[in-house]
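To keep things clear, I will list the structure first and then write my remarks on it.
Chain lettering (A, B, C, D and E) follows the sequence in which the chains are written, and residue indices restart at 1 in each chain.
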């Protein structure tokens, strides 16, 4: 099994994760995960519950410090940096359970991220419109429904102008037409050179957008390649589909 | 001297475990900080004083009556104050202010009724002469208070672990949301815990003239702050940890009195800060609240 | 005839003038003399503040019942009015209220609250507004400086003088009784801390050995372990200097732990005898030493009620004697000094009042002894003798005065039985 | 209908000023198992919590066995036999035994004991570890305990909030199997709010909830044939 | 220069500046009209403390029950500089403030705690400082329990002026926080620290800066308090009720606003003094009841009467 992504023209990949370990007490949530990702690429991160997908994103986005292994951004070590430093380096993310600033309006939610992001000259309206929240700009985030809150999460993440976007279960809970819109939006981001890691339960959605997948189980990466191949891999079938 | 300080610290600490027990029960069940805790203790003390001076009733009998009375007071008081508080934005913080206000009201009423000078009950009421324990002699009040504290803690243990309501109380303490979902009448359980909490304060109050020499209406604030230190040392929200917190506090205080007397008051605060920084859940806490 | 007419006319004119003159002076006289003061109904100083304040109120009632107080500046009796605010034992509240009394109520006389802490904030305020501060019991040493002319201490001696008689007794009579080793335990506040300082100073150069000298926080409520520590040093005398709560706890724990010292001195059994009797009991006080209170010595006053009359008046008004004691007497002494000051001051100007108060120094003898001022306004009279409490067997106690020799009326029972 | 167990009519509710449910109609008969399909944020939890009285109903009525219960407190509803299994389902800090005991809070002591003994027979894994904290169980076992705790209350209507949440497909199947064992028990009806279609295996009828409104209401077969549902819940294609 | 993508929309800034100027001007002029200057002075002290508390509680959600510790540290820093090194008052104020800031730096680890834990630990910290300052073993340095006397530099006019300047400074900080992206960032931290980090906000730095700012104003006004009253005991400047008053005033008005704490102090401290002067016997009772009723019926402060989400109020 190859751990190498297709790295282009000698430039280091935008993200490289090597032998990443994260422990909670005696439990190894991550137990030596590794993969790489290039600009403009979408990587699907799939695996059963508790396999370490979200933990992996949490480590890459600076919410947890890694207990072992490395996170490289453009070839430079970035493991254990605080979130705001990573944001400056071009990393951002959405949350499985959206975490907007509930007392703020939609506009304020985005404005704060613009102001502290990589492009303070950006126009917050751009991101609000992209996320389809143009009609609720002055609403308090607390009054949005959960789908809207997820999109607000995405808008906030994008407004720091990330080069690497980690998307944690954005699709869950969206209806089919919404799913299609979101899929197209995520794909459109790759045209800007943004690299995406997408964690998702809905395999159809992953199939629709991801160039490659990494299948995780028990904190390890057990498969790298296309989703089609994955569904034929006996090990993947065993752990993921439950035999 | 070492042995004496240690033993005295344990006896004294047992009593302070009792003093703080109710505060911790209330915090554990409803996550509110009862800053009027010391004032309920003070009321308990005056209750014993009045009954003793006017009717010559032994405080140990008053103690039993007060348990009933304070539980009964706790009920309406709970429904008057707490549900409304819990509907607010930041109940944990606002509870600090609300109960500070209540503490002012209680102190004011006590001053109007009892006057401001020290009151006490003769120490001989609990028994004559000092008692020998492990070749050391202690005031009888300390031994009686220590024993009553143990009884009270035992009663709380039985309540929590051997009765149905106690079991439901533990459920509310553990996960309030899940308790609501399970159909537990959380308000009723909380009201009972509130009653028991202030009754615990009252029991400690009955003993306070003996343990602290005298009582005054203004004694409440100091007691509340000390109780805080004790429950944080033992772990917030874990009533039985309070006893251990009390003993650690008591022993540490007695050692300080013996060897660095003028710094004795600094100790509980440093202990409290150190424990919070090293292990915010207290020495006997199980899990971290909040991130 | 003409002469007689002329004389009558002249006399009439004089009388008229005189009447006019008198009426002119009477018109200037205010309807009341406003005395501004504070008290603490709650908080840590309530216990020492309320008795003092109640004594002032008792005096106000008595004086006004007789049509007021004689004010020499106006040459007549004028009713008094006590304007009193509750500072709740809070110094910041007290400060605001002192200012209120001076600037809004424009009181004629400013009397501080009881105790050093609540008096402290009044000291600079009075000085700033050039009001003479009638300091009742604020005995803090650093209130009194040679450059501040706006303070007089009325009812208690400055705190470091308090233990003079105790210390001298130990130095002079101690060796005869076999007292060599002394332990001192004090509460770390201004009042008792200053006494500890004074005590140390008085013992300097003597043969008495201080084997234990430690402060404890004022809110200490448990002395059992401290008593054991002291006991291990085997002292011949133990001096405990504390507030009422400290003395009560100390004496109760002493009794409770069954420890006997040959001599124990505490502050408050003498000052608040009823309170200590009620809280500690006759047994716990038996054969301990204390400041002999004015309530016992029964000085024959040259001025004002004697103790028994005062106590009777108190009982008549308040129906309770729990807080009748040293502080009640202190409040009454304040009243007597005010009375006498107004009766002798040429004008109501603050400096004239000061002159009048100083004029009383060494001449005024009240139920609290002789009033005597140092140049900076500190009280150095009214020193209380050392006494020993002797049980009478009926729930009451008697005091035997031991020192100074001229006041003594008995011998020390040493060691205590 | 005489055997109608639960009748919800015109139900509206929400949080603060935010209305979540809009005129919900839902009926459930004795012994029936109904799956309420809905995506995240569709209002499933709000609906269940309103049924239990954990959230006040703004409008509409809830009747249980013909009795109006719209304004009863939660404990009164539990006493009448509506038991709720939340997403968490258990008290992780309490022991397994405590959890089951608390489930039986409204039963007489002797009956409670029998009931728990019975449950240990059905769930032997729990019986072996009864003194351990529920939090020490694996995700699947914890869900089983949740089911057992809810059953301990002797429900007539067991209302479950996403029993599949946080479970791997393997465990979801196990939960479905367990529930299948109770399915069609004469005195037990199930109302299961889910987005996982695996639960349709044991359903008699299906409702869908979308944006706080009931969309589809029909048999499992009809649901499987319905185009919109297929697209929404059976994958993208 | 970085263009501010976030407000200040000037329409928000102007009403706040008007309020600031009006309040400061009123207190600067008041002693000419009303002669109980100390009451005015204490009002300023509480205005500064309530706003300082607003900076840390309103904007970041930490409730410092021992806030008075910084006040006391400032008062003692000032006094000891004057007593031991004969520092002129203004320089001593700087030193006093520095002492408060150093104390805040020492206490920064407490920011790892949350909710009641932080409140209680902070309370303990201020009590601990009191115990150290008032210890008789340190009498040579701190004057121990015997208190401070600074009669030589007593100057109520100048110190009142300094208090007015401090008030202006403190209100300016709050205006800045209300209208700047930094203030918005602090509120973002209060709402959700993890999301704030993902919005690019340096969470630790933001909290510590807010903590130091609130310590700074408390230390400064503490020093000025020492200067103004000139005679005080350790218990005076470490009095727990100072913390509680500041908290109650700020909450009563409404936190995370400029006007809330101002209204809170003016109304409640006003009532406090009126009761204290008119019905002293029932003073504590009435005041306690007032607090209870306030929390029960107006838990989000007076500004919540104007607007439900207090973020729109200046």
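As a working rule, a contact is a pair of C-beta atoms (placed from the backbone, for glycine too) under 8 Å apart; a residue touches a chain by one contact, two chains touch by 3 or more.
No experiment lies behind these values; they were computed from the predicted model shown.
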Would you pick out the chains that touch chain C and also touch chain E?
-> B
Labels of chains that are neighbours to chain A and to chain D | none
B-E compared against B-D, more contacting pairs = B-E
What is the chain whose Cα centroid lies farthest from the Cα centroid of chain B?
-> A
At the largest C-alpha centroid distance from chain D we find chain C
So what's the Cα centroid distance for chain D and chain E, whole Å?
-> 51
Just curious, how far off is chain D from chain B if you go by their C-alpha centres, in Å?
-> 42
Could you please state the distance in Å, as a whole number, between where the Cα atoms of chain A are centred and where those of chain C are centred?
-> 78
Note: chain E sits from chain A at a C-alpha centroid distance in Å of 43
Name the residues of chain C that each touch 2 or more other chains.
-> 41-42, 188, 215, 217
Residues of chain E that touch two or more other chains: which are they?
-> 131, 135-137, 281, 283-284
What are the residues of chain A that contact at least two other chains?
-> none
In contact, pair by pair, are chains A-D, A-E, B-C, B-D, B-E, C-E
Would you pull the chain D residues touching chain A in the complex into a rising list?
-> 16-18, 39-42, 139, 166-170, 173, 195, 210-211, 228, 231-232, 235-237
Per the touch rule above, chain B residues touching chain C in the complex are 1, 4-5, 8-9, 12, 107-108, 111, 115-120, 122-124, 129-130, 137-142, 210-214, 216-218, 222, 253-254, 257-258, 261-262, 264-265
Residues of chain D touching chain B in their complex?
-> 52, 54, 73-75, 77-79, 83-86, 88-94, 98, 101-103, 105-106, 149, 153
Show which residues of chain B lie in contact with chain D when the two form their complex.
-> 164, 167-168, 170-171, 174-175, 177-185, 286-287
Flag every residue of chain C that touches chain B in the complex, lowest number first.
-> 40-44, 46-47, 49-51, 89, 185, 188, 214-217, 219-222, 224-226, 228-229, 232, 244-245, 248-250, 252-253, 255-258, 272, 275, 278-281, 283-284, 322-323
